[in-house]
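Presented sequentially are two complexes of chain A, the first with chain B as partner and the second with chain C.
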Partner chain A sequence: MSKAQSEAAREHQVKAVFLFNFAQFVQWPDIAFDHTTSQLVIGVLGTDPFGSFLDETVKGESVNGHPLRVLRFQKPEDVVGCHILFIQIPKNEQLREVLEKLKGRHILTVSESTTFIKQGGIVRFVKENNKIRFQINLAAAKEADLVISSKLLRLAEVVSN
Partner chain B sequence: MLIFASSDPDRQTFWRRIRKISLFCFSFSVASCDLYAQAQQESAGGNLKKLSIEELMEVEVTSVSRQPEKLTEVASAVQIITQEDIHRSGATSIPEVLRLSPNLQVAQLSSQHWIISARGFNAGFSNKLLVMIDGRTVYSPLFAGVFWDAQQVVLEDVERIEIISGPGATVWGANAVNGVINIITKRARDTQGLFVTAAAGSYLRGQYVARYGGQIGSRTYYRVFAQHNNRDNTFRSDGSDKDDRWYITQAGFRMGVEASESSSFSIQGNVYSGTEKTLPEESAIDGQNIMGRWNYAFSETSEMSLQLYFDRTWRRDIPSTISDELETYDLDFQHHFKWGSVQHVVWGLGYRLMEDKTQNATPIVGLVPQDRNMDLFSSFIQDEIRVADPLKFIIGAKFQHNEFSGFEIQPSARLAWQVNSRNTVWAAASRAIRAPSRIDVDYQLPTYDVPDGVPNVDGGPNFDSEKVLAYELGYRTQLSKKITLSLASYYNIYDDLYSVEALPNTVTYQIQNGVEGNSRGIEFSGTADILPDWRLRGGYTYFYKNLEPKPGHIANTAVLGNDAENIVLIQSTVTIVKYLQVDAVFRYIDQLPEPLVSDYFSYDVRLAWVTKHWEFSVVGQNLYEKRHIEYATEQTAEIPRSIYGRISWRY
Partner chain C sequence: MRFSDFPIRKKLMVAILMTSAMVLLLTCMAFFAYDFFTFRQAMITHLSTIGKITAANSTAALAFDSRGDAEEILSSLTAEQHIIAACLFDREGKRFAGYQRDTGHLLQLPEQPGKMGFSFQADYLEGYHPVLQGNSNLGTLYIRSDMGAIYERIGLYTLIVVAVIAIACLMAYLISNRMQRRISRPIQALAETARAISERNDYSVRVSKVAHDEIGDLTDAFNHMLAQIRSFNLQLEMKVQERTIEMEAANKELEAFSYSVSHDLRAPLRSIHGYMNIFAEDYASQLDDEARRLMNIILLNSRRMGQLIDDLLEFSRLGRKEITKARISMKDMVTSIAGDLKRTENNNRPVNITILDLPEAHADFNTMQHVWTNLITNALKYSRNKGETRIEIGSLEKEGDQVFYVKDNGAGFDMRYYDKLFGVFQRLHSINEFEGTGVGLAIVHRIITKHHGRIWAEAKPNEGATFYFTLSRQTS
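Showing the complex of A and B:
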């Protein structure tokens, strides 16, 4: 593996573990789950940068009785039963459309796209000083009926669109 | 004044003078690296998952960075004080911060002086600890202890402090007999922007800090800082002013250049100057130091660092009547690499030249010769072998040559058994030495020849290094994602410890190696995230020692340490609403046996209102009693209850 490749891999390994962590700091409304022991799904929409790492990370883990599972989606229409969604699509213009389709679905949307927050996304990863930080759009989270723990908010940069 | 020239010697005063030298004694050490971060570049895998979200935010995503090794994988008794712990404690100086480590006994002797020890031997001579700031050794070869008053660090810019109790001699070097304190400040690129803080109160009269971090081009980061600290007096037992108020000003910088993917440079330095009220007149300290470091990665599994520093520190100490100027030149090289699929080797070479110049204000007491140049050559090698997947065997040795005791070997062997991802059992056996310091060898009382029959101290011409054989057994567990616990136990066998003894049939005393004995203890510590916004950390330390003069020797073993048998520490940090922090630190220190100091309990409380750019806080320190005593000296200080307010601004 070349150095550049391994670095990219490293960055996404860290992000994958962040996604896993988010599951523990976000409270979904009851209706987001079929029943109290149903799966908590981390979805990847578009290009999957994580390889098998995300699956390995959540393997055997559960949060508040919900076993974690990773699902991959090609189109926004495919997204069902998802709680956290990492979005990586090539064209920024499509983002708004995608987010529009996910509206009111109780999904914590996550992306690296620079315009993500502006377009109504909830969490955006930012690379800062070689470390991974994140921004949270509190208004968008509220709109999705998600309660984000104050601990996560403290670590995040809280922004608005 | 010339009591020892008189024909009617006052033994008491004599011993008092011997002890007094210990007051002068507070500080020394050997260069190094980031402890366990030092090593591993193994594939990331499941390790990341074990990190807390805060730790995750600190993970660097380029491959030049060192893989953070989980605490649970280290085969030694390590305590970490993080930036968050420091910030939330309300501590205003490095010694106050070190109170947060339950495996240290921290005693404030006066407004200016502290003694800090791990695993016993808390005395003015506290000399079995290696202390480093960013790899620069700060213990003084004058007495092998640390002058804590001269160790100024902008606390906001500290990344973490690692405290290893137990011998760390193999990798770390001389003086790491009972522990290593490694103060690591943030890199320049992690301290970007402006930070200003001002605090003032009843004991902390003023603390003013300004730091600015910026960037030049895309690869170079820097910070510059200045601070001024002004502390009030402590009290005598009758409530009067102990005349020990002091102030110190420091300025410095740090710059980091990421020259390429595999190469980085850093350079840092600082200057300081302080004035301390003492009787009959003021004492003074000042110093300058500069350090450069080059890190180069040959490949993902092989990296070296080359470090060079110069440090000058000077003090005119009126109470001890001795002035000291020490200039240190230090060169340190380290290389670690993966060897085959199961071995990881770290080795290094170092050279240090210490030019020490003292001045004796009176002939009553002093160092003879006044000036001394001391060389220290060192090399070490350590191999970490992954015997089977859960079993790691670490073996190594340090080879050193010092001015006084010559060639010394300090080997260690460690075994870590990672039972599963949450449980680690470890064991270690090590030998370490405390090399002689000038106070052991060159100390003369008085400095001129006296007739027979007049008591005098004639140095320690035959003083050899103090030695320890240490056996450790530890267990570390992560009960859940929220609770971690660590237990370390040890049994130490000491030989050739310091003694002051009369030569046969004379009243001429010499410093000898006349004491032996053993010590044992337990260090229990843990952290618990009880609620998302409520964190507890702390620990309990038990210590017991048994020292005796060796056969044929007559020595007072009490001078070697006045140690507490039990120490308890609890730090609680609570965030009530997003902006409001309510924090406290509670500590209990058992009584000190000789001279007797009562046990004490005290606590600090911090209330803070924190916004993105502003922080307002009020901190009460040592709140339990109006005044309390932490250590007995010739002039015991009572440490007052105090309070201060702080305003900080970061942008």
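Showing the complex of A and C:
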């Protein structure tokens, strides 16, 4: 692996952990779960940059009695029973369309895309001083009926579209 | 001064003050000990609460690897002045973020998390608290507090205890000062009255009763005793007076009797003696030897009886005579008497009279002359069978009294018969050995007694006798 490649791999490793951690600092409405012990699903839409990291991170873990699970989706139509969705689509135009479709479905959308917040996404990973930080669109989160812990907000850059 | 010698007033005060101070001290100490342990417990609770809050606040920082945020959260502990250090360890046990109060020197902080829970170390309190989000463990918080809070508390407590004890002692002093008066005042009054009575012999004083307690009873009993003593005293005085009057009367009667008896005896005796003398002068030549011998015996005995009656009269006269005291030079008196007596003494032997220094005396001149004459005459008389007469007259000081003495080397006497020595008509030697009527020393005894003095003697048969006498002590 080249240096750039290993750097990217480390970044994605951190992001995989962050995705898992988001589950601990975000509160979903009750209707997002079938019952109190049903799975909390972390989904990946589009290209999966994590490899096996994400699966390893959530393996055996559960949040508030909900066991974690990773699902991978190819098309937005496939996204069902998902709570956190990492979106990696090459074309920005498609992104708005995808987000439109996911509206009102209590999904914490996460992406690295620069226009993600503008287009109605909730969490965007950014790189700051060689560290992974994130921006949070509070209005979008509210629209999705998600409550984001103030502790998480402390660490985030709160933005709006 | 020992405690037992303190006046009751002070004893009461000391007892009350000591008791209250002791009770307070013990109470404060118990309270202090209790508070000290509860406060330690409270300190742990307090620190663990702060730990819990801090740990809860640090979850996101640990979860999202935000060291800056973690340090910011830890640095908010500045608000709690006794927390001197804190640090966060991540899930792997590596130190993630730290905080140290600026105390001037660097603290030694643990490199990795220890056992959960809080414990007191030598001079600080430390503890580990897990950082949990939901049920997932994100790391460990270490937190350390100094003992300043406890020291502050101890300081404050000491201050309060000292202030409370001081105020309480002051209050106890003021209250006990008032209270003790009710106990000690009546006792003091009793003691003072008792002292005054023993000094002035005034039994008419009464102590006033203050209260109906034991001291009141004591006061009553004391007053009752005083009344009794007073009435006894009066009764006794009256009785003594009665007896004295009776005795004086009896004495006078007796003296008048003995005087008149001896006086009345003198006339017939003189007549016997007178006629016997005429008889001897006129008819002696016509009598044979045996008749003359008998006649002489009658003459001798009538003369002796005359002497006896004279002495008896002298004795009884002395009893009635008042003595008039004046300053007398004993030295002059003794020198003159001894000189006279030595001159009239038949000189069948050397007579040696030594007169030592004699002090002046306050006594009756005539009777004192009688005393010295009698004692020196006796000394000469009873030593006349010795080869040499040695008489010493002197004085000595005994128990503050001036004692005069006449010492001879004569026949002396047996101390077994000492109690007969000063009796009237009592003789320790036969009349054939030494003449005399046995009145002399009785008269001397009487004179000395009239002077309120004492007379006594020491002797051994054939080794001489010493007569001592004192006169009433001079009260000028």
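Just so it is clear, the second predicted complex is superposed on the first by the 161 of 161 C-alpha atoms of A that agree within 3 Å, B and C clash if a C-alpha of one lies under 4 Å from a C-alpha of the other, contacts with A are read in each partner's own complex, and residues count from 1 in each chain.
We adopt the following convention: a contact is a pair of C-beta atoms (placed from the backbone, for glycine too) under 8 Å apart; a residue touches a chain by one contact, two chains touch by 3 or more.
If you're wondering where the values come from, they're calculated on a predicted model, not measured in any experiment.
Q: Identify whether chain B and chain C fit side by side or clash on chain A in the overlaid structures.
A: On the superposed model, which is not a single observed complex, chain B and chain C clash.
Q: Just to be sure I read the superposition right, which of the two partners does A:25 touch: chain B = first, chain C = second, or both, or neither?
A: Both: A:25 reaches chain B and chain C.
Q: Determine, under the contact definition given at the top, whether A:10 touches first (chain B), second (chain C), both, or neither.
A: In the superposed model, A:10 contacts chain B only, not chain C.
Q: Answer with first, second, both or neither: which of chain B and chain C does A:130 touch in the superposed model?
A: After superposition on chain A, A:130 lies in contact with chain B alone.
Q: Once the shared chain is lined up, is A:73 touching chain B (first), chain C (second), both, or neither of them?
A: neither
Q: More chain A residues touched by chain B or by chain C?
A: Tallying touched residues of chain A, the top partner is B.
Q: With both complexes superposed on chain A, which partner does A:63 reach: first (chain B), second (chain C), both or neither?
A: So A:63 only meets chain C here.
Q: Have a look at where A:149 lands relative to chain B and chain C in the superposition and call it first, second, both or neither.
A: In the superposition, A:149 contacts both chain B and chain C.
Q: Flag for me the stretch of chain C that overlaps chain B after superposition; candidates: 55-63, 199-207 or 361-369.
A: After superposing on chain A, the stretch of chain C hitting chain B is 55-63.
Q: So which positions on chain A get touched by both chain B and chain C?
A: In chain A, positions 14, 18, 21, 24-25, 131-132, 149, 151-152, 154-155 sit in both the chain B and chain C interfaces.
Q: Taking the touch rule as given, give the residues of chain A at its contact with chain C in the complex, in rising order.
A: Those residues of chain A that touch chain C are 14, 18, 21, 24-25, 61-64, 131-132, 134, 149, 151-152, 154-155.
Q: Where on chain C does chain A make contact in their complex?
A: 57, 59-61, 63-66, 69, 133-136
Q: Can you name the residues of chain A that touch chain B in the complex?
A: Contact set of chain A toward chain B: 3, 6-7, 10-11, 13-14, 17-18, 20-21, 24-25, 56-57, 127, 129-133, 149-155.
Q: Which stretch or stretches of chain B touch chain A in the complex?
A: Result: residues 44-46, 48-49, 51, 53-54, 56-63, 65, 189-190, 192, 261, 300, 481, 532-533, 575, 577-578 of chain B touch chain A.
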